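Multiple structures are listed underneath, in structure tokens.
Next come two complexes, and both contain chain A; in the first it sits with chain B, in the second with chain C.
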Partner chain A sequence: MEKLFNTDWNLLLQLALPMVLLAGLGMSLLLCSAFFPRDRPKIFLGVLLLAILGILFYTWMQWRVVVPLSQEMLLFDRFSYSLDLIVLVTLLIVLLLCSKYVSAEGTRSSEVYALFLFAVVGMMLIHHGADLIVIFLGIEIMSLSSYILTGSRRGIIRSYEAAMKYFILGSFASCFLLYGIALAYGVTGSTSLASLQSLSLAADTSGNTVLLTMSVAFLLVGLGFKIAAVPFHLWAPDVYEGAPTPVTAFMAAGVKTAAFAALLRIVLALGHLPQIPWIPVLWILSALTMTIGNLVALRQTHIKRLLAYSSVAHAGYLLVGVTAALQNNTLSDATLGGVVFYLFAYSLMTLGAFGVVVAMGHRGEQVEELSDFSGLSQRHPFLAAALTVFLLSMAGIPATIGFAGKFYLFAGAVEAGFYGLTILAVLNSVISVYYYFAPIIKMYFQPPRGYELPPLSYPLLAAVFLCLFTVLYLGIFPSDLFLMARESVKELIF
Partner chain B sequence: MDIFRDHLLTWIIFSPLLGLVPLFLFPSGREKQLKGVVLALSLIPLGFSLWLFASFQGTGAYEFQEMVPWMRGYQAAYQVGVDGFSLLLICLTTFLLPLVLLATWNDVHRNVKGYLFFFLLLETGILGVFSALDLLLFYVFWEAALIPMYFLIGIWGGEERIYASIKFVLYTMVGSLLMLVAILYLYFAAGHSFYWGDMAALHLPRMTQIVLFAAFGLAFAIKVPLFPFHTWLPDAHVQAPTGGSVILAGVLLKMGTYGFARFAIPFFPEAVRALGPLLAVLSVIGIVYGALVSMVQVDMKKLVAYSSVSHLGFVVLGLFSLNAQGVSGATLQMINHGLSTGGLFFLVGMLYERRHTKLIADFGGLATSMPLYSTCFFIMLFSSIALPGTNGFIGEFLILLGSYQTHPILTTVATSGVIFAAIYMLWMAQRVFLGKVTPKNQNIADLSLREGVVLLPIIVLIFWIGFAPGFLLDKINPTTEVFLKTKTEKISIPPSPVTGEGRGEGGDTN
Partner chain C sequence: MDPYLSILILFLFAAIVTGGLMFLSQLLNPKKKGTDKTPYESGIQPVGNPRTRFAVKFYLPAMLFILFDVEVVFLYPWAVIFRDFVRSGLGAFIFVEMVIFLGVLVVGLLYIYGRRALDWD
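This part shows the complex of A and B:
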């Protein structure tokens, strides 16, 4: 504990400024809502967007200059900053998406915005956590904010139900996580990642091996829940369906990214231990997640449930990358970079797709059945084209970021020699084509229905356009982003 | 002019996209003018490719190479080049596209902008497939060509279009994604390079070759389509709009046969020795099966579609004969089939525009009411059944000549396909054109000037190739020689002038 007193607080403030600023912004928003009775969503939104752009820029500058530094509780390396960038972009787009929803649902905008900000602070804590406890704290901050946001559709029973379900199951998962951390403490006498990483189990300490294996199993269950890996995914469709659509987008993109960050840190810290059967476990987890996610998605007629199962499937593809990155213990920069790239790609296309779903909603009434999309191409060609591009990207069709991402993941898996898993993954991609094309069929091949299209707000259009442009541009020229992602994972510290 | 000459291939691939500009500029409601402008712009790629054809040396190596790094981190580059195989297919693509736009002048009324948009994207995709020398680039174009065709079938297709279009996509995706895994394997085997030459220079163990060949072969066999992977084709063809059918039969299917010639055979000589006979058998089954099924069709479009299965069987048989006549004949036959089947689809489409039916039973005695149309139809038909004097004869004759040397028994069986073709085609023609004019067919208008302009270039080429195929064979033959040498000796490929020893070394490898 001595080290804490040696902390260079100036340096720490400089490194953790994004987190501090976001937390400060969130609290000021709450104060504003306490002192000023009138809600001013437009002003709040404008200020927040500017602030987030500034923080985004600052984080990027930090990414460029950072020297990896760990101070027991928090660590700062390019990996954590690159994940920060992903969640900040997510936050930016989600704020744009929810501008309309906030004014329509009668919720106070400042509260919603503040909760989003707190969730992102939690995510950043996960990225920068050098200690299992800090990671746990981050997960809890993130999750609690998400629980509340999920239930923020006033008077809609389904939203409450989703929040309750998410809360109960999520708390259960947190218990697993905490128990796993406790068992890890039992083995090493410390909860820091560094101590886990320097751990080497001698052959005779079989008791410790059992403890550690159990600890890892509990941690995997807890994190598997957060990333919605099969068989811990059952909450996802219900919660995604019940939550307000911008919140769903936030959960699908941001929460999943942060949870993967936690998973990656822990897996990489403990990956060197031969006693833990990492490869078979992750292999099976990813195979199950991909296959079941995709197969169940085939039967969905509700766009948010469909996207929920697709997000389960994407967690499976990401796990393919994690499995490949762990192979033969010499971490492949390219493969791990591919995982980071895919997290960004996945976030963007998911946000875009949900953005279109938000745009389809009308005066608080959400439009979520696939049949509501019939003939959209004739009524609103831009929305139809945008959703088509996002779906093609999720299906992994070339010239979109989704293809580039899958390419990097599968290339890593082939390099590591996981041919079976790669073939399973590409066959899954074929299955996914079938359900990703279902909305396209509705939008383009079927006549319009008598549904009145809502007027579109500019922030919403800006968000969808931003996603669309990035998905296409980075789909055709992915190398800069990939090199950045690869750079991010070169000097991992614990 | 240097900016054009130095990047001629790039101009060809991307100049179709120039046609997208008027799509965004024109207000809706002026479809006629828009079509005219896009048609005029579609002559630009044709002009470029004629220039390419004229200045193509025919050395057997890749010409007009260009290389720009593309995906750093993984050594993928924008690398393109043409040889005898791809040159003709590029020209065929740019030749057919203006005709397609002209032919569907009155056909498409709904969402004209979208129709043109997807056709132009499709053209760029196909041209990219035929010019890519980087396997990842090839894959990207290969998949990218799939999506516009999907929309063309799905939006402007017939009654069963949704089923047909999704079937088309799923079949193609299964093959191509497995091919992607094989490409990735080759990338690492070739020392981090996607360049064609580096992969062709590999010496892989026999079993590996067979597995990889199966992955590539499945993708190409589905695309060709080879029996038993052909079931998507009749559905897609029958549902597709006329223009879509023409491009599908004319060039899209050639992506499969081209893939065999360019990648699968040169990369895996051992596997070809092991599995070549199997593919020859499948192609002969396809020839006979396609012909027999054609015979019982009641729908003209479906008949032409099944005849494609039969004809492309000949192409694959020629490729796997692995001798000069067979391979050159197969390459020529790819072009011939594009002309004759493309022409037949045009003609069926014109008839459909007039009568809104494609059923053979609905017609009769058209020769009396539509003499010009019937003449054109018979010319295409003769080309399709390989009558001497037409282009089809040269191609099929060369193929049979070549394949007889390697597979005498199979070739004998395949020859029956030629006879069957004559039977089903002539029988169909007899029912549609000859005999007494039924009342409903009495007053059909004959070919208009526009339709004549569509058909005339095809007819000219049919006879030109039929009587003097030298101007094409001269371009093909050197490439065939290199192809056969590569296959038999696995010699080192002539190093590409742009990259020297290939791209494996240097750059930013991991």
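This part shows the complex of A and C:
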């Protein structure tokens, strides 16, 4: 209770204002949908875009001035604000992408927008959580919103099926996470990251080794599900395929970023526990994730499934960075900075690629087979060029943000001495070039198929253009962003 | 005394009561030979099929009831610790906290009311 007396509520409100504002906006949208019989997607979209730009600017200002502060339940440092920035950019682009989808029949734009906002509030809670329970709450808010969004394609059986699969498997994973937290509490008597970290730094071996190992194993299973790491990735292709494409983009970029934030914070807090073989476990997890993700992606003919497996592979690359950051704590600001940079790079190129898939959609019917991309270069040169750039960026071709991201990530791994893992990751990148080129070859070297391309809306074009510009610009001049990423992880608190 | 002893006693008590009652009804029930058997239900003749169908309309109110019921349960622990907080001078804090929580619930209630989720037809 002394803690409550000492809490500076004004400061807390000032630091957590982005979360409070987003939650307030979400609730006002729900009230609008309840009491205004007419849905006005354009007005809602305009207001939301302005509000999110404002919140983005405010978060950026907070990133610049914040003094690391932990308040038992919530913590505020540059790392959490930089992840906030990534998910806010994701939210901005996804709202632009879903402008056509929310005006479809039977869907209320205000409800869809509100769910997106609530999911982002959950993600921010994960970034700012200083206690395992708060992180769990954030994960649940985010996941429940995305289950509903997955099933929001009215009257389409695949969408319902995907939502049901995601809900059941996701709840199961949450149980693992919660059991892991309970066991950690049972061994250490606390769920706060700060006390877990001090226990881990003290290399205290008095705790019950079996229970502690079980706890960490359950935590890794739960978090591994949320980031779609092999062998917990099997939900990803089905859910990504069945969900409305803007929602898929949101899950691939935002949900994965937030889940990685939780994983990083927990792994770095518990990383020195002498009882746990962290490095071998993470090494194997990352090697399996990128290899299996890439090998299965080779056989896909459905663009959303292909991108789903590619996102599994990218989770593997990110895990390389996590392993390196854990190994090399003295140099970790470059390594961990590489992970943050890659999260941003990955989010942007994934959003762009799914954006092009949204743009190809034809009168509600989604155009998703690879063969539908035949001859796109003649019918819509801009979309074809944009998708080419995003795919090249995912493959890690120079002059794109994907190359810079992989460079920083693998440089960190080499610095930490993981030569084998780095060689495996580079080999995997070479394999991935094969399937990333399949749509490109279809678009440029095959005759067009005879269906009419739907008219493109301005918000959609703006979103694709924004991603394209950022991917290219930051691909050519990545150093400022990388400096910012390094700055973000310099003073990590728990 | 071991602090977990009471849990063991509770466990044994539950096992004895459950097992004893099942044993007693096994001992006392009427034994019939042949095929015209009915399920034994405390000695009362069962009426009708247990698998009757009912309208799907019950689903929404039941679901919403569960949601709000579970959330309102938080009021009990709050009421229990309220006096302690007032005594230590944090009455305003705990009061405002509950008002915010209930405010969020009211938004949810207004939403389901406005979207006519509570209309029967």
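The definition used in the following text is that the second predicted complex is superposed on the first by the 478 of 494 C-alpha atoms of A that agree within 3 Å, B and C clash if a C-alpha of one lies under 4 Å from a C-alpha of the other, contacts with A are read in each partner's own complex, and residues count from 1 in each chain.
As a working rule, contacts are C-beta pairs under 8 Å (C-beta built on N, C-alpha and C of every residue); 3 or more make two chains touch, one makes a residue touch a chain.
The structure displayed is predicted, hence computed values, not measured ones.
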Touched partner set for A:323, first chain B, second chain C, both or neither: neither
More chain A residues in contact - chain B or chain C: B
First (chain B), second (chain C), both or neither touched by A:291: neither
Partner chain(s) touched by A:483 [first = chain B, second = chain C, both, neither]: first
Partner chain in contact with A:31 - chain B first, chain C second, else both or neither: second
Partner chain in contact with A:174 - chain B first, chain C second, else both or neither: neither
Chain B versus chain C as contact partner of A:159, first or second or both or neither: neither
Overlap of the chain B and chain C footprints on chain A, listed as residue numbers: none
Sites on chain B touched by chain A in the complex: 70-74, 111, 114, 136, 139-141, 143-144, 146-147, 150-151, 154-155, 161-162, 165-166, 169-170, 173-174, 177-178, 180-181, 184-185, 187-188, 508, 510
In the complex, chain C residues that touch chain A: 85, 88, 90, 93, 104, 107-108, 110-115
Contact set on chain A toward chain B in their complex: 332-334, 337, 377-378, 392, 397-399, 403-404, 407-408, 410-411, 414-415, 419, 422-423, 426-427, 429-430, 433-434, 437, 441, 444-445, 477-479, 482-483, 486
Touch list for chain A against partner chain C, complex: 1, 4-5, 27, 30-31, 33-35
